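Residue numbering begins at 1 within each chain, and the chains themselves are lettered A, B, C and D in the order written.
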Amino acid sequence: GRFGDHGGRYVPESLVEACREVEEAFREAWADPGFRGELATLLAVHAGRPTPLTPAWRLSAELGVTLLLKREDLAHTGSHKINNVLGQALLAARMGRTRLIAETGAGQHGVATATAAALLGLEATVFMGERDVERQALNVFRMRMLGAEVVPVRAGTRTLKDATSEAMRHWVGVAGSAHYCVGSVIGPSPYPYMVREFQRVIGDEARRQCAAALPSAVPDHVVACVGGGSNAAGTFAGFADTPARLWGVEAEGGAGAALGRPGVLHGFRSLFLQDDDGQIREAHSIAAGLDYPGVGPEHAHLRDLGRARYVTVDDGEVTAAAVRLARAEGIVPALESAHAVAWVIRAAGSGELPAGSTVLLTLSGRGDKDVATLMEVL
Amino acid sequence: GRFGDHGGRYVPESLVEACREVEEAFREAWADPGFRGELATLLAVHAGRPTPLTPAWRLSAELGVTLLLKREDLAHTGSHKINNVLGQALLAARMGRTRLIAETGAGQHGVATATAAALLGLEATVFMGERDVERQALNVFRMRMLGAEVVPVRAGTRTLKDATSEAMRHWVGVAGSAHYCVGSVIGPSPYPYMVREFQRVIGDEARRQCAAALPSAVPDHVVACVGGGSNAAGTFAGFADTPARLWGVEAEGGAGAALGRPGVLHGFRSLFLQDDDGQIREAHSIAAGLDYPGVGPEHAHLRDLGRARYVTVDDGEVTAAAVRLARAEGIVPALESAHAVAWVIRAAGSGELPAGSTVLLTLSGRGDKDVATLMEVL
Amino acid sequence: MGDPRGRVRGAARGLDRAAHAVRPGRQGRRDADGGAVNALETRLRARRDAGRKLLMPYVTGGITPDWTEYARAFAAAGADAIEIGVPFSDPTLDGVTIQEASHAALTRGATPRGVLAGLAGLADLDVPLVVSTYCNLVFRDGPWAFCAALREAGASGLIVPDLPVDEADEAADAAAGAGVDLALLASPATPAPRLAEISRRSRGFVYAVSLMGTTGTRSALGPAATALAGRITGLSDRPVLLGFGISTPGQAVEAARRADGVVVGAAIMRRVLAGARPDEIGAFLTAMREALDDPGA
Amino acid sequence: MGDPRGRVRGAARGLDRAAHAVRPGRQGRRDADGGAVNALETRLRARRDAGRKLLMPYVTGGITPDWTEYARAFAAAGADAIEIGVPFSDPTLDGVTIQEASHAALTRGATPRGVLAGLAGLADLDVPLVVSTYCNLVFRDGPWAFCAALREAGASGLIVPDLPVDEADEAADAAAGAGVDLALLASPATPAPRLAEISRRSRGFVYAVSLMGTTGTRSALGPAATALAGRITGLSDRPVLLGFGISTPGQAVEAARRADGVVVGAAIMRRVLAGARPDEIGAFLTAMREALDDPGA
């Protein structure tokens, strides 16, 4: 459960046994071809995998690079989140759990969890900051329509960070019957590792698709946005053993990897935005899914190793990139994903991505959910 | 351009030549492996085809039938509309047109058209009833974000019917430079035929997928919702030469095929809701995409032949079906698609679909767009 | 001159301005054998051949309770034919003015039956009545029934803007059977062979659409308008009326240089919708009549 | 009786209620060599062995400007140790009351440094001070620095609820190095071998969590609570304090049947948040003290 200095299992003693059970069940399931096959079937027939690899023809021409988009926005429920929740829901059912617990910010992971729960006949309880409940009323309704219970969290900043804390508190009391379905490569061990494994389907598919699409087989650069970092971790996993340079793009106001300092929160040791006293700072990003003050421990480790680099873009670049991708390719990206696009645009302009480079970018989700936000700022 | 007594080209003389040019260009393109290949590539790498065939495990068990869902909700932009607009946009570019014109009701076809236009570097002008512009502000913004011009139509009932009329009026003046991208299997010849051909990818894929999924290879019943009827026409096309029984499910308040009388509107002869004088009646459905007083001429013909049957469900059955599918399968369907689900639920209960039947249902789109509507009624 | 029909255009100036100057018997429109003698086309040809530029004003049937008074004012102002629109719920070839007029008439309760009954009340007028409407109303009870009703109401012509020549067979037969002239439309985009067919199969007159667009007033007539009229008159001896966008005496005169006459619709209905009474519309048309009769004035 | 430590529980009744009855030298907490003599555990063992049931009240440092007065009231009411929470922004194991208290203290400007400075002002009290906080604050400058600061401030114990035994090595070394007792937590879900390890490695006392849940008052103690205390006392001679959900004298007495004492936190902070002054909290604790000392009363 360690990624160098990061990771670990910094949880209340009451949760240690629950985490250990998840770890044991996951390791056993992951080694079981039956489980792997069942998950692969669900991903194919229900979630729409493999997702396509789309050459961004016009934007590539404009930028002078070959840009390929891994289209997680086309996965069921609108983002890569479904890959992970289907895996965890299947695991929970295998463990005899009857309910999923999840935290959610903008609601994407909550909707995905509610979806997987419905599909597998489990109950779902989703914790969501009260402020997000108000801002994301449509996603709240989607979750309820899917049969999930949505619990507004009134503590702290009433956003994702607090929803995560509350989900952990709730899990303490029900760990014997409920599985905590963490939404990113965060949380106590084995979550960062397990979620990465469930998301590596992105990278594995993209690796094969790049091999078919590129003369070089492997792209020169692999780019993904990073909040907790699950789509990036899943993407990077497919290219870890290649010479591709890995780039994680964070929100300027939520840049755990780029700007955080070592700390412990939500059960894991990693890099967190915090003040000199160690109080966690509230993250700020136009993309609700990047509005998290930390980063998954594997990313902290990849940064320590220099294997991946972490960069930031600001909200203005992000909205401009979203509009540019929409107009050039007919794809309205999630604002999270637009961070990766924004950095590619900047880096192609600055020469950090040299002309002629091949770039794989994981488009983690679709922008439908962000239209109201964009209407306010554009 | 005829389907039995239906179809034809009842357009102002000013549009006859434009229709003829579309027909000629389409026939030539459709016979050109280069065009077919280019479209197939776009559908695969950009729109996410093939879409999966999802066994509705839990609902099947509840209903006592084997229900397979053709997942057009997973196609890019959220519905089958993209199949048609990519075809027409590619055709328009081939014809040297620089702009697409489209009508839209809820905005799905408008968003798809704006998307295809962006992808192929065309301009787009979308006509939308003023009432729909107000009701569907998010989709209006999506279209504008994709670079399309959205023109509110203030005539008549200020909904889809009037937007269609206005798009035709506009086309008269610009037919030399702009292509009218009709959104369903309606309009003057060659549109009903051409759109059906562009949508038959649904049926062709489903046919192959059913052959792999079902011991009988072909389902006993094929069900799709019908507004203008493009997803149904595309689905039926794949099963025309099989013994499968074909069912088109209409909205009670927009049932052109089930309740309409012969007439001519928007360039084609078919079945329309109208009063004794021949004035077209306004359609009413909770699903904006079925809010059209007519039906494509091929459906009128299939009804005349008895090859397909057309049935209706009411708004209450539709919302109940949407919730039931969401809870059973983790799929929130578009309210249009929920019509087909509602009828399968009813017909399985009544024995019209006998126990043990195999049923293919085309889930034409996803329900994200309808969440606000459902919030009001549930 | 290149005029294939060898008429003396200048002769128009010698005619009286009022329509009754030519005075065809209105019983001609009721002739049971198909009415070749006194049908619309006969009347228009005669006037055209006499050197008169033809004027066909339009009114939406049922637009006001006393809408037939507008037709009477047209006649008094020197109309050579009168177009009466039977309002349809979805007038896809009409611009905003006639859309609005149609909507207003339908809101007032106008029906095809009611409009035709109004026409019957114009039986004393000595001007051919031409009904225009959309396919759906013609096909509702079938074109045979519709054309019979037209004839019964005293109409001698029919215009169906969404019925191109390719789709016109049955309606043409029905119209001919009822002694009603089905006028076809031609547009600037119509290719030559097709234009010949339209000219050949049209009855009453050929309705030349002046521009690629909908009905409605325009600030200027494009060159395509008169070019189209010229193309048709080069193909056929049938009267050619130019319509769409003609709203001023000057435009009417310009249109009539190559065409045999003009249709004026939206320019009238815009005034009617603004509240103009029949006498005011009459004055507007009188000015147009005078300009057509004396284009040099 | 099954008590493995063979103490005479009834002896507790003979003790004075006030903490100074046992009177260890406060200089003991400042002993440079690690303070084995006067450290937290020594004190608690001594009292426990004397038959006294232990009471450790909790206050959130910085909750009011004069928050240390609450600690003084605890001491006066007969506390055997005092737990001072250093507020953290994200108290994931705390229920709503202590979350609210932490938030309020942070909003007032409370900092770890400030709270420790406050502790130093309690140097005259004759009750061991135990600091509780979350990992992130302990690790901010490293556990060695944090534990040194604790010692400097006069604290003799440390509780870190999100630091399970598996992750505790470095912090345990640092605490030991600073002469601070790092108390570990045990929960009803902890399996037997692990419970043994926790009991062995914990210092000061073993913090037995009464239930699977967060801090906060509960209407009743579950059977798991006393069962856990029994399991631990069966494994180790170290004092066992039962915490989470103990809010009434009756619950304290019930908890102390198997445990060596109780931790009372949310029940106090709920009153503090409602405005209770130190003397009112003192009265509340005095009642609890009396019940513990005379459970039959």
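Here are a few things to note about the model shown:
FYI, a contact is a pair of C-beta atoms (placed from the backbone, for glycine too) under 8 Å apart; a residue touches a chain by one contact, two chains touch by 3 or more.
All values derive from a computational prediction rather than experimental measurement.
Measuring from the averaged C-alpha position of chain A to that of chain C gives a distance of 68 Å. We define each chain's centre as the mean of its Cα atoms; on that basis chain A and chain D are separated by 39 Å. Per-chain Cα centroids separate chain A from chain B by 34 Å.
Interchain contacts link the chains end to end along an open line, per the touch definition above. If you check each pair of chains against the touch rule, the ones that pass are A-B, A-D, B-C. Interface residues of chain D, counted against chain A in their complex, comprise 88-96, 99, 103, 106, 111-113, 134-137, 139-140, 161-167, 184-191, 194, 198, 209, 211-214. Per the touch definition, chain A reaches chain D in the complex via residues 8-14, 16-18, 155-156, 161-162, 165, 168-169, 172-175, 262-267, 269, 272, 274, 276-280.
Interface residues of chain A, counted against chain B in their complex, comprise 44-46, 48, 51-55, 58, 71, 74-76, 78, 114-119, 121, 137-138, 141-142, 145-147, 322-323, 326-332, 368, 371-372, 374-375, 378.
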